[in-house]
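Let me give you the structure first, and then I'll get to my questions.
Labels run A, B, C and D following the written order; every chain starts at residue 1.
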Amino acid sequence: MKPTDRNANLKYYSIKEVPECYIHGRTDKDREDVPLFWNNSGIEVCTDGTELWIEVESDFSIYESWYAVEINGALVARSMLQPGVSNICLFRNMSGGVVKRVFFYRELQAMGADDDCYMIVKGMYSDGDFSKVPDYEHKIEFIGDSISSGEGTYGADGDMDWIPMYMSSSHNYINMISKKLNADVRIISQGGWGVCCSWDSHRESNIPDIYDYVCGLAHGEHNKSLGADKPLDTSDWQADAVVVNLGTNDDSGIRADSSIDVQVFEASVYDFLKKIRGYYPKAHILWVYGMLGYGITANISRAVTKYMDENNDSNVAYLTLPNTLEDEYGSRMHPGLKSHEKAAKMISDYLAGRL
Amino acid sequence: MKPTDRNANLKYYSIKEVPECYIHGRTDKDREDVPLFWNNSGIEVCTDGTELWIEVESDFSIYESWYAVEINGALVARSMLQPGVSNICLFRNMSGGVVKRVFFYRELQAMGADDDCYMIVKGMYSDGDFSKVPDYEHKIEFIGDSISSGEGTYGADGDMDWIPMYMSSSHNYINMISKKLNADVRIISQGGWGVCCSWDSHRESNIPDIYDYVCGLAHGEHNKSLGADKPLDTSDWQADAVVVNLGTNDDSGIRADSSIDVQVFEASVYDFLKKIRGYYPKAHILWVYGMLGYGITANISRAVTKYMDENNDSNVAYLTLPNTLEDEYGSRMHPGLKSHEKAAKMISDYLAGRL
Amino acid sequence: MKPTDRNANLKYYSIKEVPECYIHGRTDKDREDVPLFWNNSGIEVCTDGTELWIEVESDFSIYESWYAVEINGALVARSMLQPGVSNICLFRNMSGGVVKRVFFYRELQAMGADDDCYMIVKGMYSDGDFSKVPDYEHKIEFIGDSISSGEGTYGADGDMDWIPMYMSSSHNYINMISKKLNADVRIISQGGWGVCCSWDSHRESNIPDIYDYVCGLAHGEHNKSLGADKPLDTSDWQADAVVVNLGTNDDSGIRADSSIDVQVFEASVYDFLKKIRGYYPKAHILWVYGMLGYGITANISRAVTKYMDENNDSNVAYLTLPNTLEDEYGSRMHPGLKSHEKAAKMISDYLAGRL
Amino acid sequence: MKPTDRNANLKYYSIKEVPECYIHGRTDKDREDVPLFWNNSGIEVCTDGTELWIEVESDFSIYESWYAVEINGALVARSMLQPGVSNICLFRNMSGGVVKRVFFYRELQAMGADDDCYMIVKGMYSDGDFSKVPDYEHKIEFIGDSISSGEGTYGADGDMDWIPMYMSSSHNYINMISKKLNADVRIISQGGWGVCCSWDSHRESNIPDIYDYVCGLAHGEHNKSLGADKPLDTSDWQADAVVVNLGTNDDSGIRADSSIDVQVFEASVYDFLKKIRGYYPKAHILWVYGMLGYGITANISRAVTKYMDENNDSNVAYLTLPNTLEDEYGSRMHPGLKSHEKAAKMISDYLAGRL
């Protein structure tokens, strides 16, 4: 079925033809369409039509993409995305002439283990006019691991499969912070990875190494063609704050492999702060840690302190977050909705006082 | 795309070929497929495969259907359903050999104002074996209005469009009660209607008149062909309890039109209780009311009392529910999630003590 | 120690010398001092001094009185009261010139089983001026049993002694309602009693029989001398609403003794409504029930309906309250703070819409 | 009135005659009676009598003491204490033969500004036998400022007087942690002070300087006679953990007075850790901070790290606590009950994993 089969007033717009649309997340700005590489990456529009569709293309070999839809800030839909070109109806039969604010976004983190996984927004069908999305007051980048990929925020207590269905941006502390602070947020996250190694002690599985690209986690020729491997250019999106939520996997990795020294970890924290500062000279950099325990907090403290002292950079802070308590877990023994809410409250309160 | 394009192990089963599947909601039992007329009507299976799809056919002219998916009791997906035949993937890439309990259900109430609105489950694709869905401890039928149709349980505060997107079974007090009591629940509900008239004083818009059919709200030739107008047969599904949540719209209707007397209302309550008792001789009948105010509670009390006395039927009760407080509203000035949770707690606690 | 030993500026006032003081609860208005017969009965003043004392006389044989103190609406002190004359400091060392609103009240219900139990406010010591207590917007009388006596609102889970320490007005739903509605509330309550009999089937242990006196529960010569047996005179305190929370003990009593018929109960409800209406011709009368189960709700419904019909009195309503759930109990297997909060929300919301 | 006037079975015991009594808080162990210098200092007993009194002596010039009573872990009474000898009834008329666990404690921090402020437990009246208080699983010392003195945990929103009535141990995060971890807790705290200076920049107003005595805050000849100035002896009470909650006042003090350098602050943190380690060689030392903002967190981090590195002491940690949010304040613009509960959850969860 084509969208216009049921509503002849719908008109197709390629994304380039909707200059009022707001693009969320790191992507290749030179393209005609909008690849969504990271969770919470998406397209936001304001429109006064009665109906709105989005045209999305995607594929995968192992890990399929999921998407979510918010209307006027409220989550209304969440679904698996099928391969091929999909026309997804975001709303229909609503009052014409009333502006609806619509946010369509990727739920799934970038999937380094599936070169064929991608998701592209190509166009929209609307029977109304588009208007400017209200300005966000802040720009905040979040860098993290499974917690920031929302692992466990969906799914039953006890379910342990590592699948896209159980990851999200919609029930994620970062999405909550976005709303509390009226902030445009970006997420760079990969489950299982840390700042110097992965939970299972792989040194190459670290976020800093993949940070310098539009999406250093999206591999393969096709993702390359989408601009994933383009160098990161922050000239037109300068974050007010960068929040790094890493350390949980390093802690596991270091415990499991005595050949990785905590000094390596501390050096990685140090170097990553320098790298981030290079991209965002004026951003407040906040390191947070603790939603799954405090094993490596002293080392984060030491490294952050050393970085601040040696670089004379006082625009950095480190906060420990409340741990996930017994009744606050979701699936996969990961923080559930209640734990994400606690983190969102603490981080947004802190940032509100700094920004 | 066909499901088998990506997983050659998937095998198609018509619903009749899955005898282990559990059918939720009033439907035509003689058919090969399963029309889903009411919200929370659906198909539940237990399967140990790695992947599961459902084949659904639907159409509409005005009001499109929505569906939701629960895996092991946790809501993972909610989406609008497109017209035509859709193959919907319920999960994929999960651990084989582990039993997953999956519930696919209709979010949208029966739509009396759209003869073309329908939704049919036709088959499934699975690469595993099906096993019996664990027995439910209770069978409970709920009869209601917009509250039981979940109006307002999705959507932003202030949003007022009367559209399927803002109705649900997934965020509905009835779904919560189902889980608290391990009960198979059925919903018969229509927004705006009451026991004797609608909110805007239409006498013919009353639930009792449409109650005696599989789905007295689904009109038109096609719905007829699906069995909607078949007479209600409760011989194989005897409810342990019937919960009636009606009165809110009668109250508005009677206030607005002086020609409708409260005695008409009381007689309607009385007659409806008789009718329900006819279908369910042993069920505990619970009338509840109050989630949107208490305007007509005295009349419900009087009618229930009279019914109980004149029919010597003590297996009936009437409870007022906590009203929706200021911070408990959803969209459409209707009870939101918090209000539904309060109602679910009170009703399930009561029924737990009676059943 | 005398109050003036440490603050020579304190001046003694008999209660009669403080015309600005607001007297809470049924008492003998003709006396120079103020006997406090019921829980929540007390004295409220506004004063700009730095220090305030209250002079209280009390005695008991079995059940000692307890008192509580609120400053500007916040509970700051709760204590057992010793026999004899006590000078109790309500606050000291506060900023002079700033008005403090102070409420000193009895925590303990009237004690019918202890003729020697009494508590009288005689005077105050202040170093400031008194000013008028701001007007309350409503007057509401509550009539109840142990729930309204706050049994179980203090004390550890599992503690079962029937002692004053575990009863209260301070953690009671009635006190909460008073604050939510800015209402002057009065409580007439006795643990274990009902409208027609006690929990252990004593017919004479019913609230209506003792209702017509200032305090029909306070027996003995001394209480008589305090005016306890004076006939109730409501001419100068006309309630806007009367809330009756009775039935729980009748239910137990009737179950335990087959000689008490539910018709006796219903007649008692009927008669009590007539009696209350006699005292308060214009009050909205609200019967509530359910915080400890719904066993006798049908009979309350029937009696309330009959009363309303036969007396053409539509200014009456009956609401069932949410039951106390597993994690909401206090001591003595009675409703704890959370359960009282639920009841307070539901009742105050309802009354806010009626008054 | 004497306790025995009403119960001839009561027998007086000096505290020395009750060897089963458990003494909470730093005090002079060589005395016959028990001075209570700090908040949460108190006397705990288990007794099977029907009635229990405590004999307390106290005085003050400016700041009177307050006390609280818990029966079986539940707060039942809180009151101002009058000067002179008071006999306070802790419970009466309870079931004999049943063991009650009773904790009587000081609500008020040590009062350095009132040399005449003191409170001594001298004896008890009981009509039952005493038995051993069950063993605590942990010993934890808390060192803090107004937050640990419970400032603001009582009193109405907006009330600003600095008076004992608004400070507490009963609504304090430390008391909550004691229950969550079954820990004997001690508090050393002074509102307005920090680790190197007070909120108003007084260098001498720092906790480390007064730490080495039983109660370095209780001045004057009389407090000296009670043992307040005796050197701290931790030989018989070795903490499993020491929690330091300081920094909030240093932050204010340093901002207000440019002559105090943050390096002075950091050196104070460093030195205080060394001092604490001297007293408790095996304790886990946890520094916490943040319930009223994060202004000086980087300096705490730096100092803690330096201490750990230079002293090769890894048994130390630093956690930032969730800030007090808008609806979590009590009186005096200080953390209210909700904020204390958040802190208690985070700290007790952390300690549960370390102890």
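Methods note: contacts are C-beta pairs under 8 Å (C-beta built on N, C-alpha and C of every residue); 3 or more make two chains touch, one makes a residue touch a chain.
Since we're looking at a predicted model, the values are computed, not measured.
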Which chain's C-alpha centroid is most distant from that of chain D? B
Could you grab the centroid distance between chain A and chain C? Build each centroid from C-alpha atoms only and quote it in angstrom. 56
Would you kindly tell me how far, in whole Å, the mean C-alpha position of chain C lies from that of chain B? 44
Would you kindly tell me how far, in whole Å, the mean C-alpha position of chain D lies from that of chain C? 36
For chain B, write out the residues touching at least two other chains, lowest number first. none
Can you tell me, using the touch rule above, whether these chains form a line, ring, star, complete graph or other shape? ring
Each pair of chains that touch: what are they? A-B, A-D, B-C, C-D
Enumerate the contact residues on chain C facing chain B in the complex. 290, 293-294, 297-298, 301-302, 304-305, 308-309, 314, 316-320, 322-323, 325, 342, 345-346, 349-350, 353
Per the contact definition, I'd like the list of chain A residues that touch chain B in the complex. 1, 6, 62-64, 71-80, 82-84, 89, 91-95, 154-156, 158-161, 163, 165-166, 331
